[in-house]
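What follows is a pair of complexes built around chain A, which joins chain B in one and chain C in the other.
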Partner chain A sequence: MAEAAYTVASDSETSREEKSSCTFPETTIGIDIGTSQCRVAIWNGSQVEILKNSRNQKMMSSYVTFKDGTPSGELSNQLSADHDMLSGAAIFNMKRLIGRVDTDPVVHSSKSLPFLVQTLDIGVRPFIAALVGNFWRSTTPEEVLAIFLVELREMAEIQLKRPIKNVVLTLPVSFSRFQLTRIERACAMAGLHILKLMPEPTAVALLYTLYAKQSGFQSTDRNVLIFNMGAGYCDVAVSVTAEEAPRGISEIIALTGSAIGGEDLLQNMMRHLLPNAENLLTSHGVDEIKSKGLLRVATQNAIHSLSSQNSVQIDVDLGNGMKICKVVDREEFEEVNRAVFDECASLIIQCLHDAKVKPEDLNDVVLVGGCSYIPKIKNLVMNVCKKEELYEGMNPLEAAVSGAALQGYVASGVHDPFESVDVLSIQVTPLSVGIRADGNNFVPIIPRNTTIPAQREMLFTTSHDNQAEALVIVYEGDGEKLEENHLLGYFKIEGLPPAPKGVPQVRVMMDIDASNVLRVLAAVLMPGSHVPINPVLDVRMPTVDDGHGWCAEALHRAYGATQDLVSVKRI
Partner chain B sequence: MSKKKLLTPLSSLLLLRRTLTSTPHFSIPHFQSRTNFSPNIEKLRPLFPLPGFDFPGKSFISSQFGNKPNSPHCWNCSAAAQTTPFLLCPSCRCIQPVDHSVDYFQIFGLERKYDSVEEHLEGKYKDWQKKLHPDLVHSKSEKEREYAAEQSARVIDAYRTLSKPLARAIYILKLEGVDIDEEETLSDLDLLSEIMEVREAVEEAPNSQALNLIQSLMQEKLKQWSNSFAEAFESRNFEEAVKAIWQMTYYESVNEEIVKRQ
Partner chain C sequence: MSVVAAVSISQFSVPKGFQVQHQFTTSKPILRQGCSGIRCCNKESGERANTIGKNYYELLGVAVDSNPQIIKQAYRNLQKKYHPDIAGQEGHEYTLKLNEAYKVLIRENLRKEYDASIGQRRVSTVRGNSSTFDGSSWNGVLRPQALFVDENACIGCRQCVHQASATYMFDESLGCARVKLQYGDDDLKIEVSVDSCPVNCIHWVEREELPVLEFLIQPRPTEGHGIFGGGWERPANVFMAAKSFNKQLKEEAENGNHHRNTSESVEEETPAQAKARAEASMKIKMEAFSKFWHWQK
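Moving on, here comes the complex of A and B:
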């Protein structure tokens, strides 16, 4: 068996200390790992250069195929990709699965993919496997991404003729911190050093800022809304680009995002084309995988056609006596996916609301990502933003990776005598972070859309008389219910002095530093004192690892409400 | 002790209707503490000594005692500081460590006056970010990257503080050595009942128009009290200034509640 192409790194290798060891200018590449496609780019000092693979393609499908125990990225075997997918040997859509547990609806919807995704529905990681001959070969999203990143790195090294280590990666807004650690792990396995992880629309905003600076608008501030929808995720950002000195700053005002994308459109359409498809979509027999693959390819092609024509003829033999012979028109497609489009519109409305920007105040609307070619998406973005036209200055498929490359160039400290790419992105937290308190509720401490770096503090107290211990359970997200948010970790404050409930003061401080590292600090004080009674607890989050889904429930079973905190009521 | 106060009928009523801000940045003063828990987050910071944190104590001690003994030098090229504030060395462009004796007004080259903050504050803030932001110094030494993180965080704090009238009022008063004393409010029952009424109106507002109406009322009040603060501060009548801060605090809290509902 051949040696794996990636290095297995220890967990500590993903830590920031390790990463900051490079101190001299090196080439930094930007990578946009999409759910279905990805790109690599470099900023050459004056413009972006999208790197091409050996077949001269700028866009590569995010596939890894498993053959005879040797996994390899799609870059080297595109021709067989469709065939591999039909045989169950190709693993893809890992960006939708990484860092998710098997109770997550996104994982459940991934069961219709033509390889094995198995769930036990208890909050552990799903079991994922590729079919190789007569074996299910198990893998993990991290492994698949690492294999793929190694191929991308090698491709960049061959083209740029120098070793590459530093990357700026773009990721969905809705990724939790736990998911980010999984991405960091995959990068470490691939020998890559992350300079920065950027939410996808903020990379686009940075590129927009550079273009605005170069073209020299005469107005004062430019509000721009970026809508980015790919196969796996939909993200929205509102950014302000100041036109007064200093120019070249993209200040992100609000971010919002969700795990909806082209994949959902595809699945809804597959179910529409083949009623009673549920059995087929959830089974993993060799024949069913082939049928699923055929259905998938046919549906995907039909959706692509519907972007440019009003109706399309679908004619496919799925085997086992299942045949689809049907004409589908655009209206039908839009009706089948109405819920997805509605959610897209509500994300834009939410983001404008958070940014306190009215549609009339938007100077530009930028629409990027693979789904931007869908007429309905274009229309709904223009409608909600009350615009007659969209910003035209960017390639929708290359905007995010170009922004990442630009950020990489700026961050690597390359001497820039003419200040031609003198740009800066001021980022905000995409998701709120807080703790469980006031019963089974989520109390945010750093709200979303807070400028990074940020420190915020809140005062809590005990919920029982003579409570000796208190659990600090840290969540991230913006769900109203606690369970809708991501559990990041937990720790216990011990040695609270005996006192009536409500008297001890538990101060919880959250700190997000410039590298986006979250720390949670907790101290206990008694009224009238400035000095914490015990050493202050200082915990770097996230602390959860695999199987974090059931941790919250396990805590609840073990402790009930005995170690609860309540927030201190204020007028 | 202070808990007893909590249980006076009026304040307990207020407590029930909490729903108020949980934005801890510039926390709203609360009844709980007669203790020394200032509602102001900055005062809490020495507890959690993280990079980028301010120790306001330091800053007004040195401003009270006037000039620093030596004018600072660049840690990298030893050039003497020619400017105040000295955040960045003009000769080698190295970012300097945080100097807590430089107050927020000095960072932006402003006079220490309540109304000296003009509209160019945002530009000045962004100017600093373009020089100090940690994203721009990835290739520099660990030491300088740390300075960048601290300086940049402090500039954000400074901007956030000075750009909001209430935060700015609390801050400028603190530079004069005056901390907000929460017991003050307990006596102002008129204000409390007024706020309770307003808040009830907010909760029962039938539509966004009604909310907007209350909001513009609140903003008017805020503006008035902000002017009273400026006057009181100018004439160094700190007692009146503190009173104005209390008023602003409550109107601001209602305002935040409205924003949440909008």
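Moving on, here comes the complex of A and C:
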């Protein structure tokens, strides 16, 4: 196979196309790119091995520093993260920024980061820049991620003494398909070939299955809830783990997720410590950046301390006469972040509801991710799940990457003779996909939590007499309103024969394969015929590139309701 | 993978003989024969035909009366073999069907609907009321002959169940054996089972006769009088009863009396069964729809 080159033009077609068609005898690594931390692991045939950087650390901070025009990741940079952050030269939290437009609240909250995040609030990608000397050097989250991935790749190659190309990445549940394409592009830029993108909790579920298999549980089915909360995202999964020796299967039943995490706790805390911080947090002067950085580091340390102690003394000089000298206790921290914790609880409730599993039926509750050390998170998870204790068998920070490494081993087609890792993860779609129809409404075709590969079809028809064209606008999400969902793309069906409204049959089929690639097929038939009038349209989604916030509006302006579709109820 | 770009109109006309139009001619009941027709036409698409022509039970390789646990196990075992993570892209189509089948069979309400649509009823898991048995199902393709146990003659020796356990079941509440799955075992086992019956109550019958026979052999409640329940009875000679029953049906058809009273007793044999299938066509439609996409490839 040819080396996957870094291509700009056709990023939606890179790497994933040929991925499953051939098996790779090569090594596959698992990468967990966290919002704040990152880990790389490999399955060495008998166990997971977490790779270490040159400083012998398993954990690497996810950030890239821009200096003298040559960006470099954390791995080769000897300076501490804290110091870089103060100068405005470090870009981090790219996982919160990637694939989001400047109307997104998550992007807005990122304006308080100590580098430049500029928004125009019109639905285009935000402007991001690092301060290098006296220059704002512009960059993109994809670029930052790619630089970082290149370093991770080199690190792994040095340690494993062989070239690495294949990766399994873990990602948040709430990522839209558009965001996934951004991740794919970053990987393509870094010369990495994505074997699979896994929602983080499903990787944890797979690891749990392996452990369960190894320890030889007697019962056949175990319901397990996985709660994974890191710096940027909070995800919940309900999985059924079955051990029918010698097999281990993790069957995901339901997934939910949201872009809330440690970063929100941190920002709430910063605003709490410095009541009129808004001015400081949204300005990008050199001094302000330093102050922001100092506040950030101090707050972060305080939150970490509060995980093990009841109160903490914060003593920091932010410069410009701003000083914080305060004792904060755990209750205060919990009160300030009450909304975040409430949302965590509601995610669990939602996931259990979707899975149709009662808390009493859960055999195990697994709590992982950086936020799992926060006592309040532990308590709320145990409360909602009605459990006295949590599953103790895995390292909360390494679970996701270990699962990814395991999946990499399974998906790379290597079959070990002893079948020690005979495990399989059966995944579901985290978000519904559908099209716009029946006026300005979202009509899901493949609902969320459908086991993949999945294929569903729906019948639509025209909304006007003699309608010659129909627009198929594809959305993803679970918002009730159309606008709350992600626009994935659109295409036009041409050449509908003249007929009264409601007569032509427009069949729209969606197909999601095991690699999570979405295809949308559309065919037009006239009643009584079974041969499509025109060749069937077969479109890989997403097709939108940038400015997707605009497209829907532009389409509406240009066509109004003239090319609308109406769904047809089946008897 | 992007097939459609290369597909021309002339290619569309190839599968014209295809039976998908059943769904459009709504007045016609959708019969299983239609399905087998599809299977034939699909020959060219090789292995895919095997999965598409099969019903969900056949796809999962389970008996129609399997409990959810068995279905679950079968599903997982097949996933282990065919999931694209393991089998590569070739497993896509199969896993797709597998997921669809599993989704339906594991949910009680969807399964009932589906059973009705394919004309197969399964033994209710609630035992004790034997009248819930609605006929045997088929393993594999339909064959001209079918097995039938004359339960009046059966002495309950269980010999046949021992010989061919996938084909026969034993009704504890009635104390007799019956066929649950036609050709559930291999031919040799079935032959032995027929021969081993000490009272020769296992018969080879024409496939067309089977539904009527299976319907008539079930004990029906007799009308009760006053405070006494009526009890249960069935025809002493089921074959004779079937003959007259068929005759009766024929006469009714000739009289053009299609809309018989929907009294329970007549609801369940052949013509009505076909009607039931048509009514519960949603599932079939779905099937046909996915076939539609498959032959586009």
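In this text, the second predicted complex is superposed on the first by the 541 of 571 C-alpha atoms of A that agree within 3 Å, B and C clash if a C-alpha of one lies under 4 Å from a C-alpha of the other, contacts with A are read in each partner's own complex, and residues count from 1 in each chain.
Note that in this section contacts are C-beta pairs under 8 Å (C-beta built on N, C-alpha and C of every residue); 3 or more make two chains touch, one makes a residue touch a chain.
As the structure is a prediction and not an experimental result, all values here were calculated from the model.
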Superposed partners chain B and chain C on chain A - clash or fit: clash
First, second, both or neither for A:455, with chain B first and chain C second: both
Touching partner for A:537 - first (chain B), second (chain C), both, neither: second
First (chain B), second (chain C), both or neither touched by A:528: both
First, second, both or neither for A:515, with chain B first and chain C second: both
Touching partner for A:507 - first (chain B), second (chain C), both, neither: both
Which superposed partner A:425 touches (first chain B, second chain C, both, neither): both
First (chain B), second (chain C), both or neither touched by A:443: first
On chain A, positions contacted by chain B and by chain C: 20, 23, 196, 242, 244, 249, 251, 407, 410-411, 413, 422, 424-426, 451, 453-455, 457, 507, 509, 511, 513-515, 521, 523, 527-530, 532, 536, 570-571
Chain A-touching residues of chain C, taken from the complex the two chains share: 1-5, 7-9, 12-13, 16, 18, 20-21, 24, 72-73, 76-77, 79-80, 83-86, 88-89, 91-92, 95-96, 99-100, 102-103, 281-282, 285-286, 289-290, 292-293, 296
Chain A residues touching chain B - in the complex, by the definition given at the top: 20, 23-25, 195-196, 242, 244-246, 248-249, 251, 353, 407, 410-413, 422, 424-426, 443-445, 447, 451, 453-459, 500, 502-503, 505, 507, 509, 511, 513-515, 519, 521, 523, 527-530, 532, 536, 567-571
Parts of chain B lying in touch with chain A, wherever the complex brings them together: 1-3, 11, 14-15, 18, 20-25, 27-33, 35-37, 41, 44, 47-48, 50-53, 122-123, 126-127, 129-130, 133-142, 145, 148-149, 152-153, 156, 160, 192, 195, 250, 253, 262
Chain A to chain C touching residues, read off their complex: 17, 20-23, 196, 221, 242, 244, 247, 249, 251, 407, 410-411, 413, 422, 424-426, 450-455, 457, 507, 509, 511, 513-515, 521, 523, 527-532, 535-538, 540, 570-571
